[in-house]
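The letters A, B, C and D name the chains in turn, as written, and every chain counts its residues from 1.
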Amino acid sequence: MKKLINSPEDVVREELEGIQLAHGDRLRVSFDPFYIVRKDAPVKGKVGLLSGGGSGHEPMHGGFVGAGMLDAACPGHVFTSPTPDQMFEAGKAINGGAGVLQIVKNYTGDVMNFDLAAEMLHEEGIDVATVLTDDDVAVKDSLYTAGRRGVGLTVLMEKLLGAAAQKGMPLSEMKALGDQIRASGRSMGMALTPCTVPHLGKPSFELGENEMEVGIGIHGEPGRHRVPVASADEITEMLMEPILSDLPFHRGEQIILFVNGMGGTPLIELYIVYRKAAQIAEKHGLKISRNLIGSYITSLEMAGASITALRADDALLALWDAPVNTPALRWGV
Amino acid sequence: MKKLINSPEDVVREELEGIQLAHGDRLRVSFDPFYIVRKDAPVKGKVGLLSGGGSGHEPMHGGFVGAGMLDAACPGHVFTSPTPDQMFEAGKAINGGAGVLQIVKNYTGDVMNFDLAAEMLHEEGIDVATVLTDDDVAVKDSLYTAGRRGVGLTVLMEKLLGAAAQKGMPLSEMKALGDQIRASGRSMGMALTPCTVPHLGKPSFELGENEMEVGIGIHGEPGRHRVPVASADEITEMLMEPILSDLPFHRGEQIILFVNGMGGTPLIELYIVYRKAAQIAEKHGLKISRNLIGSYITSLEMAGASITALRADDALLALWDAPVNTPALRWGV
Amino acid sequence: MDQLTLAQARSWIDATASVIAENAPHLSELDQAIGDGDHGANMTRGFTAVVKKLTDGAKTDDLGGLFKLVGMTLLSSVGGASGPLYGGFFLDLGKQCAGKQTLDAQALTAVLESGLNDIKRRGKAEIGDKTMVDALTPAIEAMKAASHDVTSATRAAAETARDAATKTAPLLARKGRASYLGERSIGHEDPGANSMALLLGALAGVCHE
Amino acid sequence: MDQLTLAQARSWIDATASVIAENAPHLSELDQAIGDGDHGANMTRGFTAVVKKLTDGAKTDDLGGLFKLVGMTLLSSVGGASGPLYGGFFLDLGKQCAGKQTLDAQALTAVLESGLNDIKRRGKAEIGDKTMVDALTPAIEAMKAASHDVTSATRAAAETARDAATKTAPLLARKGRASYLGERSIGHEDPGANSMALLLGALAGVCHE
């Protein structure tokens, strides 16, 4: 295992120290328990937007804390959901009187921990609502599983709900908007290489020199199919077709198209994937109204990519265009 | 070789097609010869800022084209300097009457090709000046070599000169400012893994499971020392000490500190490196006035990091803070 | 042995911490095959935190207090799916044992069954879904069938759980991370069933001495 | 053979293109050891573009026109360090040969020496710096010493360049990318010296037939 770390136990704490040193002008880091919060929190009268999850997906979620996006993020250990006390403390820190909305990726651990936190916040007299993301079309028969996983859509969800909160949307409307976004987005990912969780020291799965894994999540877990390595165009088709046919997306619709790197894939390759994805979208009669290309929701150093498509109307696009000022996503300010 | 590509020959063209599809609203891509240019070029009365170099360092340079940064970028083949006809055509496209400034990384190939382009532009009646970057302290005895390499400082140089150009600074002052920046910044990099140039299909060098390469450039070339893998803190010291002692930086000075990923290193590790780098800077009595953390000047999928420190006064910081609107670097707008 | 005492319960927690730490690599390996490879680290982190609190002198006057402390600590240190499940399990044990200093075999069985129900309520898993429920459910049935002393009841539980954990291998996972693998989850033992077997093994160990 | 003709010069370019393409993997391997591994691809891309232009019927009425076309094409298709160096070299040959249909051995030697000087001026490399200069310089000396016919002069050049390219291995690189390696550049042949030897080998080949 080759990593720029000191010791596996210290990875998250030292990362947070780095974030505090780098962005201390606008973020505050709590070390007991771990969370990252806007320095100006709580913003009075604004719904506090809270997310979190295992570490190893950077910049998500900590890199998305700031005006126009998250108010706080709770990092767990690498690939391990955070604990309820983190969300509870973070939730209290960002409650400006209008309640707290939790954005939770649909994993058993995340859901149960956030549920407990919601109970605790509720007992504290704070209004809490929760929006799930479960956009991964690679999870089939989701009725007989823990359900679809939350993946790339989470990034778009955090941006869009962040803008809505900043505009003063009340909690109940935010929750409805979140559910609408949840219902309008689909994703799928693949890996050319596995990744190595620091405290394990060996790759999450083995892949031959000519194999790739299609339908992976974001936790270094193997996917559903192991197939021979294919060209970028073929891979993009393998991801786009299930995404587009699942929702399904209809001719004439507008979408936000998000091509995401898994951490170890260079940007030059993501543009090659975007090229084909855009061509496929066009072939399906979809209009790409906005796009995002880069490594925003990652699996450590895994090489691979995921694609997310979100059906968007003008209201959603206006939220997308609203100013955002976070370490990892910034425009309009 | 596992890559999200179709064929090695098509990598750059297809990447450019992706960029055109993704950012066609604000950039224009020329395919014969290859260059990326602001859609609103030439900007009348403004110095046109031109850079370029081999591909494989994305987002540099193409991702830095836009208001407040580059007017055009010329991508060569992977790790191969572009050709004079590219710079010549791009230079003509961005000349708004105030001349063209070329930012050139100090590599034999880049320097000679940009020199030829400068001659051609000059013959066309366009004022041309050139600023070199040669900030890599890993290159020793630079009098007996092709000189120091241009690495991380190039990103900061493009941002700062981009802001100066946007403010209407004339060419001669821009050249002087560029030379000042060149004299005030130093960098050094290291690799945990090599990278694979697509048309070669095998890694640029071999590294044992317990080896790393210190003093690498950005072209997959081996560095000057091969040493056992060390902790993030030790590695950061190996990079910071030569950087700080070379210029040298003095107690009480302000710096912009840039921790850069080589392409395959996840952000979580870069923050761990930043943490130590900031501690070392503080120990040396330096004030980090601004920072940049991310993979901005890369070597394909190489795992590793580089650090750049640039001495900065308030005038430079104002240029840093000025609005920039490019695919890869954006703030204030 | 007729009763599980507070001192023994405390030893149970210590023994669990040791056996979990020892088997952490194995638990993580199981989790790496069908999950995300952190189960060993998660459980070790949790029980290390518990032992630290106890060693640092956290006051626990009765079984209820002890189990509540264990539950709260697991909840705030484990994370993942197992954190709320094991945390909730011990919190439930704590509720059942409020004010109690000892448990006889029958009471112990009832208390563990209540804990099982908390796990099932929270995780919505049924028997056969390839989770820790598959180890705990038959273990409790075995306790009911065993003779009415704590030593043999817990030994029955431990042996049954051990066996049941192994038998999760051929199951198709329907809950938790492993469920994403579909058919590919078949052939691997469930990590949580294994940690549950270790927990019950540690219980049998202290009740045997 | 007394004279290099336009037709032979044209064959020289074709032969160079073939031999460069054949040896591209080797050239890139050499460049990967002490550079960035693109020399084979760079040179192949360049000469393929040249041959395409010629096959597509680009008009070249004399040696000057032919070499100018080669130079311009290399300049706009090779990139890297070798692009301006080989491009400039052929542009210089073009200037020297403007209006000429043939070159005798002495004239050919003088023209190549002028090209060498262009390379040295542009790249600022001296003999011993471990570059293409180390192959071309002794080759020109050998031509001067050889008997005054094109066949033996070019054969001497080719053999000497071949030998000199091999002898770049023990040198410490002082120019180009390889110079960054310092001592570690020792023990590897220079890629550009090798491509130069191929170029001169191709020349000897067409002058021999």
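We adopt the following convention: contacts are C-beta pairs under 8 Å (C-beta built on N, C-alpha and C of every residue); 3 or more make two chains touch, one makes a residue touch a chain.
As the structure is a computational prediction, the values presented were derived from the model and not from experiment.
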Contact steps required, at the very least, to link chain B with chain C come to 2
A correct list of chains touching both chain A and chain C reads none
From the centre of chain B, which chain's CA centre is farthest? C
Averaging C-alpha coordinates per chain, one finds the centres of chain A and chain B separated by a number of Å equal to 29
Centroid from C-alpha atoms only, then distance chain B to chain D, rounded to Å. What do you get? 32
Chain centre separation in whole Å, for chain D relative to chain C (CA means): 76
Averaging C-alpha coordinates per chain, one finds the centres of chain A and chain D separated by a number of Å equal to 55
Among the residues of chain B, which ones contact at least 2 other chains? none
Residue numbers in chain C touching two or more further chains are none
Touch graph of the chains shown: is it line, ring, star, complete or other? line
Pairs of chains that touch, anyone? A-B, A-C, B-D
Given the complex, residues on chain D that touch chain B span 28, 32, 35-38, 41-42, 45, 75-85, 122-123, 173-177, 179-182, 184
Quick check on the complex: what are the chain B residues that touch chain A? 2-7, 11, 14-19, 21-22, 55-56, 58-59, 63, 192-193, 209, 212, 229, 231-233, 235, 263-275, 278-279, 291, 293, 295, 298, 300-301, 303-305, 327-328, 330-333
Taking the touch rule as given, give the residues of chain A at its contact with chain C in the complex, in rising order. 33, 54, 76-85, 107-109, 112-113, 115-116, 138-141, 144-146, 149, 197, 199-200, 204-205, 217, 219-222, 224
